[in-house]
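I'd like to ask you about the structure that follows.
When the chains are written out, they are named A, B, C and D in that same order, and each has its own residue count from 1.
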Amino acid sequence: MDEIQRVPILAVQNLSRRFPGVLALDNVSFDILAGEVHALVGENGAGKSTLIGILAGVYQPSAGQVLLDQKPALFPDPLSSQRAGISVIFQEFSLLPHLSVAENVFISREPRRGLTVDWATMNRQTQEILRTLNVEIDPATLVSELAVGQQQLVEIARALSAKTRIIVMDEPTAALNEREAVRLLEIVRSLAAGGVSVLYVSHRLEEVFSIADRITVLRDGRHIVTEGRSAITEQRVVSAMVGRELVHSTRPSRTAGAIVLETKDVTVDGGLVRNVSFSLRRGEVLGLAGLMGSGCSELMEGLYGLREITAGSFLIEDRPVRIANPRSAILTGVGLVPEDRKRQSVFPDLSVAHNLTIGNLPRWFRAFPGLLDLAGERRKTLDYKRQLNIRFTRPEQRISGLSGGNQQKVILARALAGNCRLLLLAEPTRGIDVGAKAEIYALIDRLVQKGIAVILQTSELPELIRLADRCIVFVAGEPRGELCGAEITQEAVMSLATGLSHRVTVDSASLRSIQ
Amino acid sequence: MKHVLRTSKLLLSVTALTVVTVISLTQSSVAEGSAKKKIGFSVYDMQYGFFQEMEKGTREASQAAGYDYVLVDQKSSESTMVSATQDLINQGISALIISPFKPDALGPIVDAAKEKKIPVVIDDIGGGGTDYDVIVISDNEKGGVLAADYIDSVLRSRPNNSKKVASITCEPSAVYAARRNAGFETRIKELGYQVVTTLSGNSRQEEGYRVTKDILSAHPDVAAIFSGNDPMAVGAAQAVADSGKSGVKDVLIVGFNADEIALQAIKAGQMGATVQQVPREMGKMTVDLATKLMKGEKPDYSNAANREVYVPVNLITAKEADALLKK
Amino acid sequence: MNARKPRRHRVASSQVGLMLLMVAGVFAVLSPRFLTPGNLLNVCTSASVVAIVGLGMTLAIASGNFDLSVGSTAAFAGCVTVSLVQQIGVALAILAGLATGAAVGLINGLIVTELGVPAFIATLGMLTIVRGAALIYTGGRDIYLYGQTQYKILSSGLTPVLLALALAFVLWFVLQHTRFGRHILATGSNAMSARRVGVRTSLVLLGVFSIVGATAALSGLILSAQVLTGNGRLATGLELSAIAVVVLGGTPLTGGQASIAGTLQGSVLVAVINNGLNLLNVSIFYQNVTLGLLLLGTIALEALRTDRRRTKQLTTR
Amino acid sequence: MRILQTHKSRIPDAPATGSSINQVDWDLLWERFGTAVVTITIWLIAGLSTPRFANVDNFVSVLRQSAFVGVSAVGMTFAIIAGTFDLSVGSTQALCAWGAVSVAKVAGVFPAFVTAVALGGVIGLCNGSLVALVRIPAFIATLGTMFLVNGLTYILTNGQTARFSGKPFVWWGNAQVMSLPVPFVVFLGCALLGAAILHRTSFGRFIYAIGCSREAANVAGVPVAKTTILVFIVVGLFTGLGAALLGARLYSAGPGLEPGFELNVIATVVLGGTRLAGGRGSMLGTVAAAILFATLANVLNLSHVDAFVQRVVVGFVLLLALSVEGVRQRLAEYWSKRAARIPQSSQPL
């Protein structure tokens, strides 16, 4: 790797951006070389999103400048940034669900014949680009009909079609399963080999270290370090990110208690998930693993009453229960931390306290029939603040002002507040930074120790290994195998999940069969 | 937290300031009282030519008599009618003239006026069975009868003696307008005609047009159409013209009000006739009546039992239309 | 050349088509005069007036917006044109009327894009403002043009129908085949994403609102030509009819999709109902009841159908 | 990858929470108090320019007038906070008011109010079921009921207005208690009740939650369908009550009562700072906005403003009040862009 030879294609110099009351970026300088995969890491609030926003033309810098090919460049709006050869793939995609794949790829750059859009050329070129990515998607398909992984590929195809020289990817694997993520990393590598520079923004250090040529760390809006991959250790990156020393942790040994949940031949939604039988004890963490579409999420939703259990029986503490909707789930003592925080759990406009108590209002806060006991609610919120170490100033504060990790803790508190005996965790640390992640793991450990039973569904294998005592692997809606304790390794899980050998090789045919 | 406090303080001081201003103004307004008598007129809806004429008559007469004059518009809403007229009464008027959008809702207004000993003169539409002092009313039913007689006189002389006529009404809730059509329909049936259809054009010109088109296609042999007001009549005349017929010779159109727009249409040979009301005259009459009432005199009722003063209605055909337009 | 176009949402418009056939069938049986050429022209003419503004509204709804001010805009444009016909001639006056409509639309667009007022409220405010402006402009008087046969061309014979069809074709073409049209759908689909990928959503919306204003103006002009009169009361309540026909036609209120053919069929359906009930001499009272029932019926059918499709997804039981 | 854990004692406070405190949340402030400020401003201007404005009779009149839209707006506030909408309140009002007046004539005051409120509730139930169970978008569902109820009212009444001027009945629309007009007292009562429901009951919390995010509400165990139906019933109940008051005020009611009422009600709620998209809003704002609209109409009448111009002014005030926040954001954006451009303006792109 002879980085010295290459010229910086993009550089930021002394970049600052002030928002009312906060300095989001503080005098940041670094550069990206041609054909380089440059990873940008940092905790939430480190300034990554602001930096991306400036490169995308969404924000303007308060001071400093962006150099493109060593000349100052100005991006007053997204279009000018794109014209300069920068494509940004945001974490929540910028796709237009009602338009076709081809239209999404060529939006605002549609090939035209006279006044009209040249559909033939557009579809043909889209097909060509998709082929270079090794995917077969009909360019005329509506984007709303695609799976998440395919949607990501459409975003990449859009970047490629724009003759982009720099692609910025914000948490590109956040919504992907392990399999799709591997595929994405391959694509990123081949892009870089083709001369495109990639600014790869991610929390997942594992990915970062497997792909980046150089790594830049931001913390609290300031530039901490930029270093070649081989010149820096994972340990150093983490401490640069959090600005403090970290210690290792492993799954504590646990002693399971009485059986809390028992399922027998459970079928969800008439066959989306079939023949699930397992039991779960107090103080135990059961992991569910599988590729997207394997039925893990559907089973979780079934257990929580978001989907119908169409066959089989379901016993909680030896009593058969019927959970028809989330409400009855909560009443039976089942709590859920949903997988998509933005869509499924947080009410951004409501206060922390309201977010925390929304699931169990009638049970706890009735001073006299009908009226809420606001003081009690406040007390309860502060209680949880202490117990779960949630950081906020006032219970009346809007939850949108909290960091992702703290929001997630509030959601966790909500799930626990319902007198929870069985806690369902779906992707509990998605989009949460390293420090907060470790805290949430510790929290889960403590809860389990207190006797709560946990079912954990996650696409992050290290998380599974760190937390789960047992793990059931699903394939195509059916449990394929169960792993216990030390048997849970990345290789074992993946080989069960894919039905292949544990050396994961990816080709487009198997990718399609997954979706 | 602090800024919320600060803002509340700001708000509080602004409120205090307002209260002080308001109190001082209350006192000044008490002192203000002018010697001049004030006439308040609450008009149905200034969007209509008819009421613009009425307002003009009322205003001119008030000014001529040396009164102050205040106007409010009910904008075709009974709720606004009551609240806006209440605003008038609160301004210390000496007499109230009102052309009510909904006579049925006159109750609270008349009660409020009586409480302040303000005489109430109602201009047209209806009195809603309230305790008003006098109502100036054009004889809507008679107008309908006039129209029927006119249609009969014209059609009788025609060779192909179709006995089919149609009637277009205003919005279904307009009581005064319903009387016109009722008068027309009763009389025309007496004369041996068949009313093939009665449809509503909601008082609106473009709906009069649309409804007439439907009438013409359902009953191609209809010989005459009576419309509850002139805008709809003019719309009807245009629809007849668009079907290649004449609003005089083929399908005789008769309207109501004698709005300028209808007079022009009659002059242009697009419709047969209209029943004239004299809104401007009526406006003048109400001011005269108000003057009498303020002096404590009794008006000369046409029908003392209902405290009504009638205004004659006249039929306007091409001859009279010309003369009226010149005025 | 086999240029494959994206599949579109066609279901709803076939629903309204079916409804239309049924209703028309009933009237054809009940009234012998319903199927006469004269009456059909009559139906089509009154359908055209609503269809024209409905087509504009389809664009607005496809872009994720609304325009409640179309009735007032129609009145204002009608007044402007009628007042100018004598001075500057029919052609120029018509252009002036359309320009007035487009200008009102542009103002709507500016309020929405620049001041950040939601379209529903922005155009609600403009509804009263423009109506007031029309009344002030005319002084509340009728302006009439008897004997002006040239202006009459706008409303006589097949003109309104042809205008509606031509407009439908043009808008369909714009929507499906031009960049502007695709950007309208993109904006309605997800304005935030569209902005990020370089669609100038503000410009798109300004364009859309101007078009809506112009179509409202055209409807107003036809109405004023029908009665050869301009006044500030013209076209009251047109906004709700326009929205009703768009909804009947199956264009979803969520934006990103549009059914031009559906809107045409929706407006014919409403015209057929009103005409048929008039032919049968049914009281006007029943027109609103029928319209309400149809609206709910059509959409309920559609909702239940998609519901069955959706049972496999997350539900709100 | 190894999993790491932090020393708990050394965790600094999250930066995002600390930053928003010292800075003024204009958005929220304007949402809470903006309408009240505008109302007071108008009072000031009116008081200074037209002496007729500031007398007791006139205030009574303004407050009374604010109640008729206001009571219905209390219900509509629920609907809009829940992220939905009811266009049928105009038709509902006419039907309920007619029902109240007709029943008052034969059976007395109490049955009259019960009839009106019950009719409103039933229509609300229909709307709610259409939206929550058949899943028709609220805009379309209530547009449909609007036409339907309007037509039904005409059929039921045969186009005729019902009239009744019995003292105990009209007392509710016209009398005063402690020099406050009765309808306004009822309105304040409704607003207080509404505020209590919104802030002190689980139903209220559910409404905010649904308005914020339907899906998240469902996952959090909020009974979304039930709450939605209940919201529409509440709108109907309040509209029915307001309608009975209006019937009492007018001594009469019939079809075609108050054209455009639904839009006035929605405008009032939105002007009161409730966000059209749902999830945010308060009763205080609704009360202030109802008074604001009544004041505006009154002031324009007192200042002898031409009826045509009045329309323009009312629309303008509505737009002006709702643009303030947008204008402020625009300006902030403009300044930040300008600031960004100045040092580099001479450079080529």
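A few notes on this one:
Methods note: a contact is a pair of C-beta atoms (placed from the backbone, for glycine too) under 8 Å apart; a residue touches a chain by one contact, two chains touch by 3 or more.
What you are looking at is a predicted structure, and each value in this text was computed from that prediction instead of being measured.
When the interfaces A-D and A-C are ranked by how many C-beta pairs touch across them, A-D comes first.
Central chain assignment: D. Criterion: smallest distance from chain C-alpha mean to the mean of all protein C-alpha atoms.
Taking the mean of the C-alpha atoms as each chain's centre, chain A and chain B sit 69 Å apart.
Separating the CA-averaged centres of chain A and chain D is a span of 39 Å.
With each centre defined as the average position of its C-alpha atoms, the distance from chain A to chain C rounds to 44 Å. With each centre defined as the average position of its C-alpha atoms, the distance from chain C to chain D rounds to 28 Å. Within chain D, residues 154, 159, 215, 218, 307-308, 310 each touch two or more of the remaining chains. With touch defined as above, residues shared between interfaces to two or more other chains in chain A number as follows: 306, 325. For chain C, residues touching at least two other chains, in rising order: 135, 140, 232, 283-285, 314.
Every pair of chains meeting the touch criterion is listed here: A-C, A-D, B-C, B-D, C-D.
Of all the residues in chain B, the ones that touch chain D in their complex are 3-4, 7, 11, 14-15, 17-18, 21-23, 25-26, 28-30, 32, 46, 70-73, 75-80, 82-84, 86-88, 90-91, 102, 104-108, 111-112, 128-129, 171-173, 175, 178.
Contact residues of chain B toward chain C in the complex are 46-49, 52, 172, 196-200, 202, 204-206, 208-211, 213-218, 220, 231, 234-235, 238-239, 242-243, 259-261, 264-265, 268, 270. For chain A in complex with chain D, the residues that touch the partner chain are 20-22, 44-45, 60-63, 65, 71-74, 76, 80, 84, 205-206, 220, 234, 238, 242, 244-250, 304, 306, 325-327, 329-330, 336, 338, 343-350, 354, 357-362, 365, 370-372, 374, 389, 391-393, 397, 401-403, 405-406, 414, 418, 434-435, 438-439, 441-442, 462, 466. Contact residues on chain A toward chain C in their complex (touch as defined above): 56, 58, 77-79, 82, 88, 90, 93-100, 102-104, 107-110, 112, 115-117, 119-120, 123, 138-142, 158, 269, 272, 301, 305-308, 324-325.
Across the interface of their complex, chain C is touched by residues 130, 134-137, 139-141, 143-152, 154-155, 159, 214-215, 218, 224-225, 263, 266-267, 270, 276-277, 306-316, 318-319, 322-323, 325-327, 329-330 of chain D.
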